[in-house]
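Presented sequentially are two complexes of chain A, the first with chain B as partner and the second with chain C.
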Partner chain A sequence: MTATTIASALDAPTRTALAGFLLAMADDEFVIGFSDSEWTGIAPILEEDVAMSSIAQDELGHARALYELLAGLLDDGRDADALAYDREPEAYRHARLLDHGRGDWAMTIARRFLYDTADAARLASIGAGWPPLAELVAKIRREERYHAMHALAWVDRLARAGGEARARFVAALDELARDAPSVLATPGGEAALLEAGILGRSMAAAFDAWRSDVAGVLRPLMTPLALEPAADAARHRAAPSDDFRWLWGEFTSVRRSEPGATW
Partner chain B sequence: MSPAVAPPRPDEEAIRDALRGVADPEIPAVSIVDLGMVERIEVGPDRIEVELLPTFVGCPAQELIRSTVIDALAPFGCPTVVGYSFRVPWTSDRITATGRANLTAAGFAPPAEPGDVRCPRCGSGVVVRDSYFGPTQCRSLWYCRDCRQPFEAFKPI
Partner chain C sequence: MTDPLALDPVLPPRERSERSARRWNEDLPHDERYEHFEAHVLGGGKIEPNDWMPDEYRSAVLRFVEMHANSELMGVLPEREWIMRAPTLRRKLALTSKVQDEVGHAQLLYRVAEDLGKPREAMFDDLLAGKTKFHNVFHYPTRTWADIGVIAWLVDAAAIVAQQALRDSSYGPYSRTMQKICWEESVHIMHGRDVVVTLANGTTAQREMLQEALDRWWGPLMQMHGPRSDRSKDRDLHWRIKARTSEELRQEFLTIYVPRILELGLTIPDPELAYDKAAGEWRYADPDWNELRTVVTNHGPKSQERLEFRRLNREATAWVRAAVLAEPKAAA
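Presenting the complex of A and B:
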């Protein structure tokens, strides 16, 4: 069965809520994937060049699969590429955490660590209510495990390094702490998603689990990070950051110069 | 006019045999059958359906594998439809014994938990992982302290 036929079993409010939730997840994976791919060719060491490129490829693959589910659900003639590329910067629904640019290596690792752990809490919240998403998420979680191991190894290395490496890493975590909870902001129509079993727990419950995961990792390494739940509207903003506008210009440049190009 | 005689339907095993000739373009030594990617083959009255499981969600070889499967089944004389699905998650446990042997012969350590990885060249277990990530999504980077050669291992997933 296709996503479209299974979607017809959902009532309208649930479909709307699911579409918003899928768009947020897809945009998150898409934006962090493109940000990570900026390290291709210029990472601090060759192994990390390979690792960040591979992680970016995974994330863009996840984004494509999620946009395809969304395209089937919306059934409005737009395909995954149209959903990914044919929007103005204001229409992206990625978490505010990902409005921060790539920055230096410490910033990249801090952002990946906060995102990977929050995303893991989100993926663990998906229920069996909509099989196409549940099946995809089961597959994605197996891949994300490697991203988490990579991020945790670097968190440990930077935090224990002392000197400038540690100072930059701690500063990056502090800078991102305010926006990191936006990954787990309560989605519109969450009650309908819970009712349909598409979500097995609320994002507020996911946030609590994530906050304790982060605390567990950082406790032996540094003073705790203050993480407060995000406001409801955290994914909507009239004015995306300059960093995101720049990234948008990069990732849409081919699409805008040759609409409909394929290779 | 004599009634038209339907051509014999291709047999599922014959199709599976033909798919043994389709390799993963990133690891040409192993067929998609031995990788465990072929989940279902269905022979309908007017077409062959093949359901494949992607090894990784974003594996860029998916479209190439799809077209290679269609070409490989063309001699059966009916259209082939190739679909990818996540109905069952592909895991590295699906690689067959033949697939594991072919991986080793091609210089890749087959998937194993970290303590069980062996150097595909000399068989030594005195190996260290350099990186979780390698040149393709499904491989990681290792080094053998005995024969002092780098090698790649298929990720357990």
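Presenting the complex of A and C:
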């Protein structure tokens, strides 16, 4: 059964809310996949280069699967590529956390740690109300476990290294802490998603779970981060930064050179 | 915890006994060891890292493998610029995976070279100081998306012709590494061919972009395997470190790929290119060997920029390696 036929069982407000939620998740995975793939070929250690490229590919694979679900739901003739690429920068809905440029390795690890843990809390919030998403999420969670192990190993290593490594890492976490809760901002139409069982708990509940996860990891390593809930998704997933505009200019450049062509 | 199976000997018993038998020569005088070594290698035998080998063999293998590793490492730079610009999700995933493979090859090959006695950091130092080389094709710019197709299809094809022959190398670890590398390279060629075929069947602008890329890459491709050389004077061939001459590799590349390129309606920018049936080989305009010498001595169009990019990147990430190699401290 396709996403389109399954979606026809949903009422209009629920479909709209679901489309917004899927787009935000897909854009998150798409943008972090791009940031991580910027390390391909230039990571600090060859072994780590290979690992980070695998993570980037996983995220981009998740983004593609989510855009495909969204394409089925919207059923307006756009495919996953059109959804991913053919929008103006203002129309992307990735979280503010992912709106920073790639930065150094400390920023990359800090972002991965904050995003992986927040994304895990989000994925754990998805209920069985819309089977295509529930099935995809089960698959994504299997892969994300390894991303989390990777991020946690680096968090531990950098925080315990002392010196420049620790200083850079702590500074990166401080810089990103303000924007990190944006991943779990309350989505538009959340009540409808909860009602339909597409979400099993609110993003506010996911935020509480995430905040205690982060505190548990960082407690033995450093002073805790101040994480405040991000109430409004509209504010935390809009108005892209200059870093994202640069990224958008890059990733659409070939496609825009010959619009409508097959690549 | 280590899986106990991982500690078991990897080689089947027959090969194991052969390996230990090759410690034959620890008590022999040098000349006799050398004779044993020669007979073993010329008879098709493999040399393993702990076997006795003449210094000349060790340094010849090291030089060969190190240049191959350098080429994989530098070879990621022209393509990685386009990971960001890949025009669809599928292309983006394929290109990331391809460049990841090249990094993986560099890692495998540097490990083979490390076992021959040169530390990885020393190899990076020499590469960045211009003391060691990397292949000519990685000194050129990538100007359009079509370059990504031409590199993955034809540059990788020219490389795989050489690499397939290296699966028979007399140096055991290198020959085994090449088996894995060749398998992955064959996937790259399929990715490249798909990009090229899509462009060839695309709009006029896309076809022109493809022809323009082929025009630029043809010269470097014809130079890639090097000038004709005298088989009897090549010590790498004598010791079976490599198996085939430059010209044999170039001829094989032309035999397989010229018909495929023409099939797509592309023009090969060499009016002299033709198959001479009587001689049983391809005729072609003499490649520009001066260009090859200029380029591989780091005077190519992108040589210095790419080396400088690697130097800066290595400097910028030094703190990470320091943190990983240092002993962890107690948390504050």
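Heads up, the rule we're going with is that the second predicted complex is superposed on the first by the 251 of 263 C-alpha atoms of A that agree within 3 Å, B and C clash if a C-alpha of one lies under 4 Å from a C-alpha of the other, contacts with A are read in each partner's own complex, and residues count from 1 in each chain.
Rule of thumb we're sticking to: contacts are C-beta pairs under 8 Å (C-beta built on N, C-alpha and C of every residue); 3 or more make two chains touch, one makes a residue touch a chain.
All figures in this text were calculated on a predicted structure; none of them were measured in a lab.
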{"item": "Partner chain in contact with A:70 - chain B first, chain C second, else both or neither", "value": "neither"}
{"item": "Which superposed partner A:54 touches (first chain B, second chain C, both, neither)", "value": "both"}
{"item": "Contacts of A:135 with chain B and chain C, given as first, second, both or neither", "value": "first"}
{"item": "Chain B versus chain C as contact partner of A:149, first or second or both or neither", "value": "first"}
{"item": "Chain B versus chain C as contact partner of A:24, first or second or both or neither", "value": "neither"}
{"item": "First, second, both or neither for A:194, with chain B first and chain C second", "value": "neither"}
{"item": "First, second, both or neither for A:85, with chain B first and chain C second", "value": "second"}
{"item": "Chain touching more of chain A, residue-wise (chain B, chain C)", "value": "C"}
{"item": "Contacts of A:62 with chain B and chain C, given as first, second, both or neither", "value": "first"}
{"item": "Touched partner set for A:176, first chain B, second chain C, both or neither", "value": "neither"}
{"item": "Contact residues common to both interfaces of chain A (with chain B and with chain C)", "value": "47, 50, 53-54, 57, 60-61, 64"}
{"item": "Complex contact set, residues of chain A against chain C", "value": "34, 37-38, 40-47, 49-50, 53-54, 56-57, 60-61, 63-64, 67, 80-81, 84-85, 104-105, 156-166, 168, 220-222, 247, 250-251, 253-255, 257-258, 261-263"}
{"item": "Complex contacts: residues of chain A adjacent to chain B", "value": "47-48, 50-51, 53-55, 57-62, 64-65, 132, 135-136, 138-140, 142-143, 145-146, 149-150"}
{"item": "Touch list for chain B against partner chain A, complex", "value": "54, 56-60, 85-87, 89-91, 130-137, 141, 155, 157"}
{"item": "Contact footprint of chain A on chain C as seen in their complex", "value": "76-77, 79-80, 83-93, 96-97, 99-100, 102-104, 106-107, 110, 145, 198, 201-203, 205-206, 313, 316-317, 319-324, 326, 328-332"}
